[in-house]
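Both complexes below contain subunit A, partnered by subunit B and then by subunit C.
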Partner chain A sequence: MDIFLVEAMLNGLLLGGVFALLALGLNLIFGVIDVVWIAYTELMMIGMYAMFWLYAKYHWPFLVAMAAAIALVALLGLLTHFLIIAPILDAPPINQLLATGGLLFFLQSFATLLFSTEFRNIGVRLPTLEVAGMFISVARLAAFGVSLIGVGSLYVFLRRTYWGVAIRAIAQDRQIIGLMGIDQRKVYGITSAIGGAFAGLAGCLLVLQYDVHPFIGLSFGPIIFMICVLGGLGNLLGGLAAAFIVSEIIAVGGFYVSIDLSYVLAFLIFIGLMFWRPRGIFTR
Partner chain B sequence: MLELARVSAGYGAFRALFDIDMSVQAGEAVGVIGPNGAGKTTLMRVISGLIRPHAGSITFDGRSIGGKPPHQVVAAGIAHVPENRRLFPRLSVEENLKIGAFVPAARAQLASRLAAMYELFPPLRARRNQLAGTLSGGEQQMCAIARALMSGPKLLLMDEPSAGLAPLVVDQVFDLVQRIRREGLTVLIVEQNVQGVLDVVDRAYLLEVGTIKLVGSAAELREHPFVRRAYLGV
Partner chain C sequence: MNTRRLGWLVAATTAAALPFLGMPVYLLHLAVQILLWGTVYTAWALMGRFGMMSLGHGGLLGIGAYVPALLWNFYGVTPWIGIPLAVALSVLVAVMIGYPCFRLRVVGHYFALVTLALSEVTERGIVAARNITGGSLGLTPNAASGTSLFALQFPDKRHFFLLALALWLFGLWVWHKIEGSMMRLSLTASVEEDAAAAVGINVTAEKLKVLALPISLTALGGAMLAQYLMYLNPGTLSGVMVSLQMLFAAVVGGMYTALGPTVGSALTITLSEFLRILFGTRFIGAANTLYGILLIVFTIFMPIGIWGFVGRRFAQRRAAPSVRLRGAGAPGRAR
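Entry: the complex of A and B
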């Protein structure tokens, strides 16, 4: 097999890690609260800016800046829920969609106003490894590894803790959750904070590979929504698998055609699959 | 133990319950019978806090619980087995039981409660790692009752525990109610199976179109001409 194809596939796999992280956060919120945060990758953008300011400008140690950025975006997730979603929890879904859509424009404008449209680079240059004639970026490798740790921690949390089991239960039957002695608002708060933290973590990882600007969310938002829908909205494992399917389509498509066209290809395949399985490829 | 005074409730502008007065003494088993749409389920839901009463007061152990959210009502000692069981189908049997013990006081006794439930419902022990959605109807009802008992309630509310079950299994469910009573639990049970429920309760209320039409001991109701004609078919 062509060594460059293998390299492309490997890069696809690494890209899939961050996609999986973002898709998981968005899917978790949808599955538990039954709302779609259209502004999800804009929260990630705020995380990237937080890293830029704390690390590149104020010279905080990298890991400290990272923890602070994650905490900040987790807090934003909480605020998104309690300020925007909670008051319209019983409203028709289209209203909730429009409200988080409004948040998207708000965050973009807010970032533009505060940080201007300048592309900013955190200034970390991680090396590229050469393995068997293939070039693999350490930034991508690290992003992949940390993403997997994030996904794995969520899995353990959902399996092993009381609140984790409550989150899985509420996604299956939200009406009677109170009868279990569970405060629904607390479950929603915890879920929103986790969703925010995942967006923040993705921001910390992506800021090592991309410049941050107010519209960076748009480079990821559509693809993440596509992944969630492809895997079946709210289906965590489906979203995880779909993240890697889509990242491979993009990477391998980029190898054969061009990286710009590979996104077109991914969306075309997505549309085709939706005709076949409108509720996601993993939903029977 | 449980006292309802002039409770009215409903959904939006629709009123399903009108001025309900009802009481349940500690150690008692009380039934609520009545036709479909009489407001039986609404009555259960208003007690456990799933809906707020429009008017009236609900007190439990001398404390007002009317309008409190359901998780606080559970913490106060009332567990509710909802209509149609409503297990979490994609959680295992044991996870369903675990989630029933969510309130902090119950969490501390998780292991001993689990053991007690497996003692009371042996089929659940055999299926502890199975997804709850794959249980048979009777086993699901056991699991739903066990899940409610996991919170260590003083009062157990049961909404139509026999609905949708095969006749033989219905008898088993009523036997279960008897056994739970012997454990010293107070039970308030809503049923359409009038014959079955009157055999296991001390007293019963007859609810029709949102108001209490009759109240009396199980024996009195069984002999009441109206109940015999309309509900027992004799």
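Entry: the complex of A and C
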């Protein structure tokens, strides 16, 4: 097999890690609270800006800046839930999507207002590894590794802790949960904070690979929503698998044609798959 | 002819005469944009109000705008042929996505996310085909010399105003038609699918029927916007942000009333012009920041929109005495 194709596929795999992280956060929120945060990648954008300011401008240590950025976006997730979603929790789901659409407008334009449309780079140049004639960026490798750690810790949290079990329970049966003595508001709050934290973490990882600008959310948002729909909204494992399928389509498509066209291709394949299984390829 | 129709006729004639009575060019420019975008938003709301909240309309608008312009630039095909082709193509695309969605009951936010892909495909496709479409730098249709009916180019804004007005009125007529003939069926179809299917309504077919006219209107709006602005950009005439812009204007204006989306269009265009004149380019994004907050506030506190709210107030005032009367005289009413 062509060595460059293998390299492209490997890069696709690495990209898939970050996609998986974002898809997981979104799916968690959807599965538990039954809302779509259409502004999810805009939260990620805020995380990237936080990293840029704290690390590149104020020279905080990298890990401290990262923790602060994640905490900030987790807080934004909490605010999103309690200020925007909670008042209309009983409205039709589409209203909640509209409201977070407003949040998207707001975050994007507010970032434009504050930071201008300038592309900003954090200025970290991580080396490139050469393995068997293939070039692999350490930034991508690190992003992949950290994403896997994030996914793994979510799994452990959902399986092994009290609140994790509560979250899974509420996703299964919303009505009965109050009778079991679990505070629904608290579960929603925790879920929103985790969702936000995942967006923040993804932002911290992506800021190593991409310049940050107010519209970066738009270049990731649609692909993440597509992944979630493909895997079945709210289906954590489905989203995980779909993330890697989509990232491979993009990487291999980019190898044979161009990155621009491979995104178009991914969306066309997605539309095609929707004919077959509109509620996700892993559901019947 | 009843008084209501006569009223509409007088209003339309007056509006059509306005530009010829010395309306400033700048106001004319705003009016044309408000009418064209108003038509597009009306088209969006025609589906949105039946639970088909599409985020794919940006893509359909893009097809409407780019197909005639590309045909004109590369093959010299008149927009009179290009626009019908674009409309047909957009309806075809919409049916291709709509059919499986309706058939397999993809509704609500699921529908919104599936249709989002269409906007993304169109925008990215236009950017990727930059050799033909100019990519994100945009495209300028070849200018015909002066006023040309063949090229559908009118340097005189007054002519374009008439065209925009006609299109907008057509949009309202479509609204009226759908409201009059199929509203109950389709409302049932979207809200109570099982109930509708149980009484023998083909939900999929009904939804597809509701779809064709608004989609054509969206593509037509896109084509006319391109002809008017004489500049096409994937960011402003296609894509996800345009879809969100439609959703914003329709919701804030009021998507359950015929004039609501136009109110939304007038509001957004005048507001952004106002901010532009007030602050210049110093505060890029100020208008959208405000829109974002408004959209959140409206969705939470006033989902029927400005015009819906005004309309309800009117209806209440008119209905108030009769309601009281009935309440007082109702037999057997528990006190």
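In the analysis below, the second predicted complex is superposed on the first by the 284 of 284 C-alpha atoms of A that agree within 3 Å, B and C clash if a C-alpha of one lies under 4 Å from a C-alpha of the other, contacts with A are read in each partner's own complex, and residues count from 1 in each chain.
To be clear about the criterion, a contact is a pair of C-beta atoms (placed from the backbone, for glycine too) under 8 Å apart; a residue touches a chain by one contact, two chains touch by 3 or more.
For clarity, every value in this text was computed on a predicted model and none was experimentally measured.
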| item | value |
| --- | --- |
| Partner chain(s) touched by A:Ala193 [first = subunit B, second = subunit C, both, neither] | neither |
| Touched partner set for A:Gly178, first subunit B, second subunit C, both or neither | first |
| Which of subunit B and subunit C A:Ile70 touches, first, second, both or neither | neither |
| Subunit B versus subunit C as contact partner of A:Thr112, first or second or both or neither | second |
| Touching partner for A:Tyr162 - first (subunit B), second (subunit C), both, neither | first |
| Which superposed partner A:Ile46 touches (first subunit B, second subunit C, both, neither) | neither |
| First (subunit B), second (subunit C), both or neither touched by A:Ile29 | neither |
| Subunit B versus subunit C as contact partner of A:Leu10, first or second or both or neither | neither |
| Subunit A: partner with more touched residues, subunit B or subunit C | C |
| Contact footprint of subunit A on subunit B as seen in their complex | 48-50, 69-71, 74-75, 79-80, 82, 86, 88-91, 95, 98-100, 102-103, 106-107, 147-148, 151 |
| In the complex, subunit C residues that touch subunit A | 51, 53, 96-97, 100-101, 104, 106, 108-110, 112-114, 116-121, 124-125, 127-128, 240-241, 244, 247-248, 251, 283-289, 291-300, 303 |
| For the subunit A and subunit C complex, residues of the former touching the latter | 35-36, 84, 87-88, 91-99, 101-113, 116-117, 214, 218, 221-223, 225-226, 228-229, 233, 258, 260-261, 263-264, 267-268, 270-271, 274-275, 278-279 |
| Subunit B contact footprint on subunit A (complex, rising order) | 162, 165-166, 168-169, 172-173, 175-176, 178-184 |
